[in-house]
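Two complexes come next, and they have one chain in common, chain A, joined by chain B in the first and chain C in the second.
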Partner chain A sequence: MSSDHAQESGLPQELTEEQRDCYQEIANIAMGQAAALLSRLLGVFIKLPIPRVNLFELADLNMALQSLDHDEAASAVCQGFAGDGITGEALIIFNDSNFEDIAQLMNYSGEQSEAMHVELLMDVANILIGAFLKGLANQMDLTFSHGHPMVLGQHKLVRDLLQPSRQPWQQTLAIEITYSLEDHPVNCDLLLLFTEDSIRIMNQKVAYLLDD
Partner chain B sequence: MSDQSLRDIHWMLEILQTIDVGLVVINIEYEIQNWNGFMENHSGHRAQKVQNRNLFDVFPELPHTWFCQKVDTVRELNIRAFTTWEQRPYLFRFRTYHPITSTAEYMYQNSMLYPLENTSGEVEYIAIVIFDVTDVATNKLALQQANSELARISRTDALTQLYNRGYWEECLYRELLRCRRHQHTASLILLDVDHFKPVNDTHGHTAGDAVLRHLSRTIRQNVRETDIPGRYGGEEFGIILPETDSPKAFAFAERLRGLIEEEAIQIGDNSVSITVSFGVAELEQNMQTIEDWITRADEALYQSKQSGRNQVTAT
Partner chain C sequence: MPTSVLICDDSSLARKQMARALPRQWEVDISYATNGEEALAAIKAGQADVLFLDLTMPVMDGYEVLEHIRREDLPTVVIVVSGDVQPEAVARARSLGALEFIKKPIDPDKTLAALTQYGLL
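And then the complex of A and B:
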């Protein structure tokens, strides 16, 4: 009853248990593919957590980011995507203390510099975001156009990385994944944020998958 | 194939040829297979001329190791990769669309590398897509420059070009904290021009300004790189000397006093001589705040004034 009402008024409903499981499963597969590629590139084992799927208002985005537990300075890259009426942004958040290890694993020689950090951020973002979106698109049977990745900020506290949203009441579907490396103190977060408009279309696609 | 779909393909090709985005296809040996009008026009090479030529021969400025690393990732992992102008201003050194009026010498570029699969799913070719982002890049760089200029202005005293009081006190506070944390020492010098009012009254305010500028220059030329001079107030200046005990700071102040006393300042046809009084205070355990520290230096300065000016007193 309440969900019917929500649909009529155009408001996104709560996720059903089934939908949440389904998103989690899709994310699991996409995340696994991304991790396999990163693992190949870095030559280390990637530990995979369970992806977290949540619906919340954009006003709470910063709170969600802070719960990711980056209490030190971090850097972030953001990349937009669009396809089949689904739009969103992918965020990579990277603790600054990771740079040295990642540089070593990727065989970057030379001094740690701002330029090298941008390079590393972009490399990691290309792989994690690129592979995840590819996996997601395959499963949902669509193709995404990718915007150009953008460095959101470097060496900042997570709460200062994002500007406050202009539409704080808008709902977003968020998939959060924390990648960490075995035997290296490296972890980075991948955050997929889908717009309110996309949620209905995605739910339809997911319903189709659930029917199978 | 129907006429309609043939026409569609023809249109598409025409658009790809003329679109203001660079399109290049290379094989895994880095040999150019084809490129579009954007590439022809900006490089000056027709597509037929460069076909099967090695990309690095055509563009010697393209960093070999870096680019191969990106292409390897795209090929092996079969994903697209992006590079931004913030990593490297450009892949290919092209002139901008405003070669006369632009502040940028070359076109800033974002690029995308895209794997092209053959029918059996292997990546045989790589597409390179080049976007001209000169406008975005120059605007962002200009903004950064403006911000750092504003930051500089906000901490600089306009007359003397030394740090202004606000920023200088911030430096003093940081020095205090640093010394506490690392158990180091530092000294503070306050100096004040003797009988400054008569200079203004006799020679005018422009002369007073010239005196202050001259004094600032003398201070700037004689401090060490790590010392931090600032204008504290009207004719009063402060110098922070990190890693310096009281006797050393005293010696430095004494040398500076002598220099100032000897040098006559030429203002128009007049020559003006000034002297300066100094107070020196080394940081002490019991100083809690920068006010405590400044007060001690100020007391020493007062002592110098009381004992006849043109001298240095250390606490």
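And then the complex of A and C:
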């Protein structure tokens, strides 16, 4: 059903190699700008990956995303954004085993508590999501306004945190980035999901960049 | 004689943007590499009087390329062009022998300024 739907609306089933490359490079630059801020906050060098870009049916979310493919308990924050016909959700996914290291690096003192974990999550989410979206918007000549960040869930398996059935759209463009801290066992996933209706407009923006 | 320029980046968009950012008046022969291994082979083949080098790449990243160039004393001048703008990334690239570090997205004016500053034009 869902792939029929995508065909009816004239959406591409796949990205061309050129489009994927372009999204990857845009994400690469935005990711670096976000990493520079986080590394200053934590005083640690951040190892940057090659961003993963995928177009898939939202129903396949659990299979399509590497960030969701681990069995550790995690916590997540999500933040919606919209502008110039583009709508999406940004998520920060944090393994629960990260909290102690991050708390230390951010000079949080005192007992580890739920309240502290939420504060840490929100701090990291604000920095990474804010800087990434700004970098992305600048490069694609877009303006986004942001919703309030919300805790999506805590101490659960990531695949249970994300509930694709709640989303009204079918196809999604996803950008996945795993930030790792050098010399610390800390990983944090930044995940961006763009709605079906956004994909065509984004592909147009990307076409300008390729033609320039 | 034209200067041989090697542009090493895993992204074809980035390679294209880099080539377009080179000064028009500069007489160059441009070659391309998509990862560090290809870059090293091209340097050894004499295709890189000047190397524009990305840091984050598959197979072999920019830091490893810089290490090889230093260890094997390869004849090339390296300008790093990267989206990794952490101060530590800049410091590491420079300490490994990069002459200059230019932030992505690449800016033709900064490229011109760097080339002029180091007498490469």
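Keep this in mind: the second predicted complex is superposed on the first by the 191 of 212 C-alpha atoms of A that agree within 3 Å, B and C clash if a C-alpha of one lies under 4 Å from a C-alpha of the other, contacts with A are read in each partner's own complex, and residues count from 1 in each chain.
Please note the rule applied: a contact is a pair of C-beta atoms (placed from the backbone, for glycine too) under 8 Å apart; a residue touches a chain by one contact, two chains touch by 3 or more.
As the structure is a prediction and not an experimental result, all values here were calculated from the model.
Student: After lining both complexes up on chain A, report clash or fit for chain B versus chain C.
Tutor: fit
Student: Report for A:L41: first if it touches chain B alone, second if chain C alone, otherwise both or neither.
Tutor: first
Student: Touch test for A:T16: chain B only (first), chain C only (second), both, or neither?
Tutor: It touches nothing on chain B or chain C.
Student: Once the shared chain is lined up, is A:K134 touching chain B (first), chain C (second), both, or neither of them?
Tutor: So A:K134 only meets chain B here.
Student: In the superposed arrangement, which partner chain does A:Q24 touch: chain B (first), chain C (second), both, or neither?
Tutor: After superposition on chain A, A:Q24 lies in contact with chain C alone.
Student: Is A:N54 touching anything from chain B or chain C once the two structures are fitted on A? First, second, both or neither.
Tutor: Neither partner.
Student: On the A-aligned overlay, A:N62 touches which partner chain: chain B = first, chain C = second, or both, or neither?
Tutor: A:N62 sits against neither chain B nor chain C.
Student: Quick check for you: in the superposed arrangement, does A:P149 touch first (chain B), second (chain C), both or neither?
Tutor: Touch status of A:P149: first partner only.
Student: Does the superposition put A:Q170 against chain B (first), chain C (second), both, or neither?
Tutor: neither
Student: Looking at the superposed set of three chains, what is the minimum CA distance between chain B and chain C in Å?
Tutor: 12
Student: Once the two structures are fitted together, what part of chain A is touched by chain B and by chain C alike?
Tutor: The overlap between the chain B and chain C interfaces on chain A comprises residues 40.
Student: Which stretch or stretches of chain A touch chain B in the complex?
Tutor: 37, 40-41, 79, 115, 118-119, 122-123, 125-127, 130-131, 134, 146, 148-151
Student: Could you please specify the touching residues of chain A with respect to chain C in the complex?
Tutor: 18, 21-22, 24-25, 28-33, 35-36, 39-40, 45-46, 48-50, 139, 209-210, 212
Student: Any idea which chain B residues touch chain A in the complex?
Tutor: 73, 76-77, 79-84, 86-87, 110, 112, 131
Student: Would you tell me which residues of chain C are touching chain A in their complex?
Tutor: 10-14, 20, 56-58, 82-89, 104-105
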